[in-house]
Amino acid sequence: MQKIGVFVCWCGSNIAATVDVQAVSDALAKEPGVVFSTNYQYMCSQAGQDMIQDTIKEYGLTGVVVCSCSPRMHEATFRKTCEKAGLNPYMVEIANIREQCSWIHKDKETGTEKAIILGRAAIAKVHLNAPLTAGQSPVTKRALVIGGGIAGIQTALDIAEAGFPVDIVETKPTIGGKMTQIDKTFPTLDCAACILTPKMVDAAQNENINILSYSEVESVKGFVGNFTVTIRRKARYVDETKCTGCGLCTEKCPQKKVPNEFNLGLDNRRAIYIPFAQAVPKVATIDPNYCTMLKTGKCGVCSKVCTAGAIDYKQQDELIEREYGAIVAATGFNPISMDKFDEFAYSQSPDVVTSLEFERLMNAAGPTGGTLLRPSDGTHPHTLVFVQCVGSRCDGGEKGKPYCSKICCMYTAKHAMLTREKYPDTDVYVFYIDVRTPGKNFDEFYRRAVEEYGVHYIKGMVGKVVPENGKLKVQASDLLGGQQLHIDADMVVLAAAIEPDKSARPLATMLTASMDTNDFFTEAHPKLRPVESPTAGVFLSGACQGPKDIPDTVAQAGAAAAKVIGLLSKDQLTCNPCVANSNELMCNGCSACEKVCPYGAITYIDKDFRGPNRTTLRRRVAQVNPAVCQGCGACTVACPSGAMDLKGFSNAQIMAEVDAICK
Amino acid sequence: MQELIKAKAVELLENGVCDRVLGWKAGEFFYDVTPAVFRSREEIEKDFVFGPFCGANMSKYLIAESRKEGKIAAFLKPCDTYSFQQLQKEHRIRRENVYAVGVQCEGMCDIDAMKAAGIKGILGADGDGGTLTVHTLYGDKSVERKTVLAERCKCCKSKKLLGCDEIIGGQGEELESNRFAQVEKLEAMTPDERFAFWRGELSRCIRCNACRNVCPACSCEKCVFDNPASGVENKAAANSFEENLFHVIRAFHVAGRCTDCGECSRVCPQHIPLHLLNRKFIKDINELYGDYQAGADMDTRPPLVNFQTDDPEPSVVHERGSEQ
Amino acid sequence: MKKCPVSQLDALFASVAARQKLYIPAGEAKTAAFQPWQEGMKLTDALNTVRSAKDLFFPQVENLVNFKVTGKQIEIIENRDPSEPFVVFGVRACDCRSFDILDKVFLCDPVDTYYKTRRENGVIMTLACTEPEETCFCTAFGIDPTDPAGDVSCWMDGENLYLRANTEKGETLLSELPMLSDGDAPAADKTVFDRLPLKNLPLDKFGGEHMMELFKYEKWAGLAESCLGCGACTFVCPTCQCYDIREFNTGDEIKRFRCWDSCMYSDFTLMSAGQPRPTQLERFRQRFMHKLVYYPSTHDGEFGCVGCGRCLQKCPISMNIVKVAKTLGEETT
Amino acid sequence: MQVNQEFKPTIVAFCCNWCSYAGADLSGTNRLQYPANVKIIRIPCSCRLNPMFILRAFQRGADGVILCGCHPGDCHYTTGNYYARRRMTLLFSMLDFLGIERERTRVEWVSAAEGAKFAATMNEFVETVTKLGENKRLEDLRCKS
């Protein structure tokens, strides 16, 4: 029989106003096993905690029930309190008589009655609690960063700076991500490449950083501190160790008609290519979809011109397996497809471009060498219309995204401003729903666009864009002016909403990390743990968690790195002791539990058991890895024999609660 | 057929393919055959039978038998082979220790159906084909074979022999059966009528555990109903709640694993149509999650350890009910 | 001897039921059971009920006593299921003999008062058999199915029900029935019983003399081999008398009750040290040794089986006392 | 229909720790009222709910049992509520098949942010069960004293 102490908290008047705490502690004192029962103004205060500790020692309590606020609030507090007094922390149960009782009931009699029942349920449970000891598991002191954009680079650099080895896995041939495609950055208008490329080089040169470009994560096994990740190194048909990045092959390759993704298809590249001049690693890659040699076996020009002998048409994808202690998702974003927004004539006219395409058209390394020219005829545009919120803030529709993409207002202001600065002869219109500029120096920047650069900001949405005689007829409403506008534009720029990269969803499944309905990774807590995923050991960096601009991304990348460093600096991790365990004597070895386990925590072994009459029976039985198990309990219900049970939430404990409540 | 099987059994023993044969042993009457393990030609020649009363599903015996040393040959009817595969899927049978011989089946007879037809004192029966001549203490009676088929055989789901090393009597096909007809009939009733129906049936339960112990899916090392720590253990149903509890939990534990072999209803001394509970689950699974036949293959994930992100919500039960 | 026209049977039942509860075998043949008589209820066509008449005297579940714990006080609360006078009609000779066997167990010292009360309250009206099943072998145990015992013995032909009181209780019952007139039953036709296939069950070797020989007999393994370990045979058996005492915690009090147990169950007589009969072989042997050897060895050679044939019909795998007796008998004779 | 005002059903609500229990806390924080008949049992995930617990609750005198978990797709353990969904659907269907009032059982997905939904769900469920009256079809008379 347990010796249980009951501590009823008043929570000032939060509980005491609608629950007769004295009546509760008196009633619970009569429950079997209860040797001490009291109430106190603030149990969580130092005095309250001292009282619990003193009582544990004085009465030799084996179990403690605290009737107080939600266990989500103070369960950890009271567990620590009891642990300090020498009681196993898992011998504590909380009866939630605040959030689930005093705060929802007005009548004191009702509240008191319910509080007593909740207290009884907690007592019934604690009777069946067993002391649990958290296990330890070692930590592999290496981190994996998935995604090599500015988020991934920054996270990797920060982790590497702290002295831990980091691998960056990037699916593209080069790291750098979206930022490499951006011309200038708001609100400072400094050159994106100028601030990014040094970081890329730093990453490449850092001894602790290993860049696995043109690679993808194939599978993830294991758990916090002990992940085993299989990485597919895609065949680039060029030996990375030999290629000098001279670029000769990319000039000589006869296949010239490959849409250049770096410039968003606004110009062409060769079948063998280096995405851009500052690529890291600066290594050529053969595009197998276009390479004549790989498709037909006839060509081989690149191989002939390569003095380093780096070309290897026989290269195969390679799978490598590595161990990590922590994983950072930094998979970034993409502008959404404009397929569903045909009212803006994106598919009908090359002069309707997305903002990212516009970015390339303004860039000195872009298809037009930095001169703003219309893609259709190469002429200088005079009237430009910028449309904001294309696909952002769409309520509930299938068409767009419900959220604000956050960065569009600022980059549109930037584009408008740069256009007016470089080409003062242009008329620039910006159609917006709202202009959102919360950020340091953001609103000032926007106001400069309006006031100094004379950009026409018009509140209202563009209804239709019709290409006609080389012009784009823009029909729009001016909400403030209360009129319909018709503008003959030369170019229309669409601020497309951004969405998480398509690779994020399958990655989330591999990581068993959760995602929201928009496929952004979910944080462990939206406010208090914004860079951790709910899955231990998985961290979030950059736009994969939500739309972000560069400063926010870099800040979050650093924060994620700090969390990783915190984890990797531990030698051992303490496991959650509330895990499943299998009673081997009852286990059928049927694998039902294994199939429902989201963590792969269950394995099987053949084990000899003593049978009747001194015989030995060999049976297949389940084994739970307590370091991997997260304690969800799916297996306990899948198991027909009830061999699988969950510590801390055992069948017997839950049924005891049921009994106490229904009594 | 019997002779073919006996010859095969002897052959397998004498060729050293196996050292034991699992088959049916003749009883006092023509209908009370017992599953038995044969170890010699003599035993087989003396007592081995195969006939219209070999209804027992042999697959469950293979759990224990396949763990013994040596190899056992087993004669399995089509429905037995579904259970055989399902048990392998659950790692309960060591396939390498079993030589499985599929035996085609024309449907098994039910002695109680004969008795229900008013035939008393049954001593023996003759006749192949459609009509049986039954010898009784009170003279000979003749009866149509199809009228005395076991309930489950009247709506046989499949004559396919799965996963056997060898087949006697030819491979069969999956059949179109109306096996859900009775479930549908019950579904069409009002809840009050259904409640009355099941109370009437389940109140006869004597908790002899025959349904559980014969069931190939109920092969737990320790059943929750025998385990004092499980919280539901009981030896007898003290009242209507416990009668419901036992059968609901049992049906739930075999849901998605039950091959619908019908043994539970065959062995029930009180003739409770227990298979309807299992069929209800099978029907629901088929309708809600797509057709699934337990034991039909070795790879598909059983429906209760599987999911689709767009599975119907539990409220489908309420909605479906309100349409009636 | 009294008689009553078959056409008056309902009136007779009504008259009995007016004074005390009356149970008659009713229902469809395959689910026949002793049921409380109600207006319009007909006797079953089945020779025997699925469950035996034992149930009325020794029910499957029976409350014994309740406990209530308040603080450190334990209060004991009497909680017997009420037992009132009742009559059970239509008990066959085999089931009737089972009461001799049960009485020797439950009424010897210490007396089982729960059983005793029911025995005292119950009046047994037996019914002679005319159309036995092939599974019947009561004659092997010296039972005359055409002349059953009981408080009242009954015979029925196409026209009349004949009744003979054998005990004081029986006399009292019959004296209260106005529709009875004097009349003797015609002599029973016993020829069909001579044709029963199991009538010559070899029982000579059982009864205690060969106890160890039988216990160690190697063929038990083969007999028990396919036993599923269910309790069907025990629960339909009119003479099985094992029970378990269990407790149920309602949250407010503890209800101690007993329920039938089966020696076929893996947890039968389970003790802290383990299971004394670790495999089905030992459990299977226990059941048949008990009926054929242990019981007769302590009860003047009377067997613990009455040959009702229920287990022959109900065993899922058709293993039964006849097969056991024949296998053991053949080897040892 | 005359609803028995005196009848206060016993309702057991199983709530997953991560979403629905937090949702219930939130409805408390927001002082959203729901009847005191509802008593919450915290389980780590909706997939921890064994059908035996539901039957146990009915046996011990519950008149209604509700399971609340994270919305499908949002399970803290990724997939737990998908399994729970299948299990509960089949269990409820079976209880309905046995003629037990289907309105006595329910599943509702409540996120940590849906305090209002939690309270509304409980109010509605209590009302439904109150209309149904006492649980007679799955009761154990031994537990009614």
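Chains here go by letter, A, B, C and D, matching the order in which they are written, and residues are numbered from 1 within each.
Just so it is clear, a residue touches a chain if its C-beta (ideal position, glycine included) is under 8 Å from a C-beta of that chain, and two chains touch if they have at least 3 such contacts.
None of these values were measured; they are calculated from a predicted model.
Undergrad: Can you identify the chain nearest the overall CA centroid, using each chain's own CA centroid?
TA: Smallest centre-to-centre distance to the global C-alpha mean: chain D.
Undergrad: Using each chain's Cα centroid, which is most distant from the centroid of chain A?
TA: C
Undergrad: Write down the chain pair with more C-beta contact pairs when C-D is set against A-D.
TA: Per the contact counts, A-D leads.
Undergrad: What whole-Å value do you get for the distance between chain C and chain D if each is reduced to the mean of its CA atoms?
TA: Centres of chain C and chain D (C-alpha means) sit 46 Å apart.
Undergrad: Can you check how far apart chain A and chain D are, centre to centre, with Cα atoms defining each centre and the answer in Å?
TA: 32
Undergrad: Starting from the mean Cα coordinates of chain B and chain D, work out the distance between those two points in Å.
TA: Whole-Å distance between the two chain centres: 36.
Undergrad: How many angstrom between the C-alpha centroids of chain B and chain A?
TA: Their C-alpha centroids are separated by 50 Å.
Undergrad: Which residues of chain D are in contact with two or more other chains?
TA: As it turns out, chain D has residues touching two or more other chains at 51-52, 56, 60, 73, 79, 83, 87, 142-143.
Undergrad: Show the residues in chain A shared as contacts by 2 or more other chains, in ascending order.
TA: Within chain A, the residues that touch at least two other chains are 596, 638, 651, 655, 659, 662-663.
Undergrad: Which parts of chain B, given as residue numbers and ranges, touch two or more other chains?
TA: Counting only residues that touch two or more other chains, chain B contributes 224, 230-231, 238, 304-306.
Undergrad: Can you tell me, using the touch rule above, whether these chains form a line, ring, star, complete graph or other shape?
TA: Topology of the interface graph: complete, with all chain pairs in contact.
Undergrad: Which residues of chain A touch chain B once you look at their complex with the stated criterion?
TA: 585-592, 595-596, 604, 617-620, 638, 640-643, 651-652, 655
Undergrad: If we count contacts the way the header does, which residues on chain D are in touch with chain A in the complex?
TA: Residue list for chain D touching chain A: 10, 12, 17-18, 21-22, 24-29, 31-34, 36, 39-45, 47-53, 56-57, 60-62, 73-80, 83, 87, 119, 143.
Undergrad: In their complex, what parts of chain A are in touch with chain C?
TA: 30, 32, 612-613, 659-660, 662-663
Undergrad: With touch defined as at the start, can you tell me which chain D residues reach chain C in the complex?
TA: 60, 142-143, 145
Undergrad: If we count contacts the way the header does, which residues on chain C are in touch with chain A in the complex?
TA: Residues of chain C touching chain A: 69, 71, 251-252, 275, 278-279.
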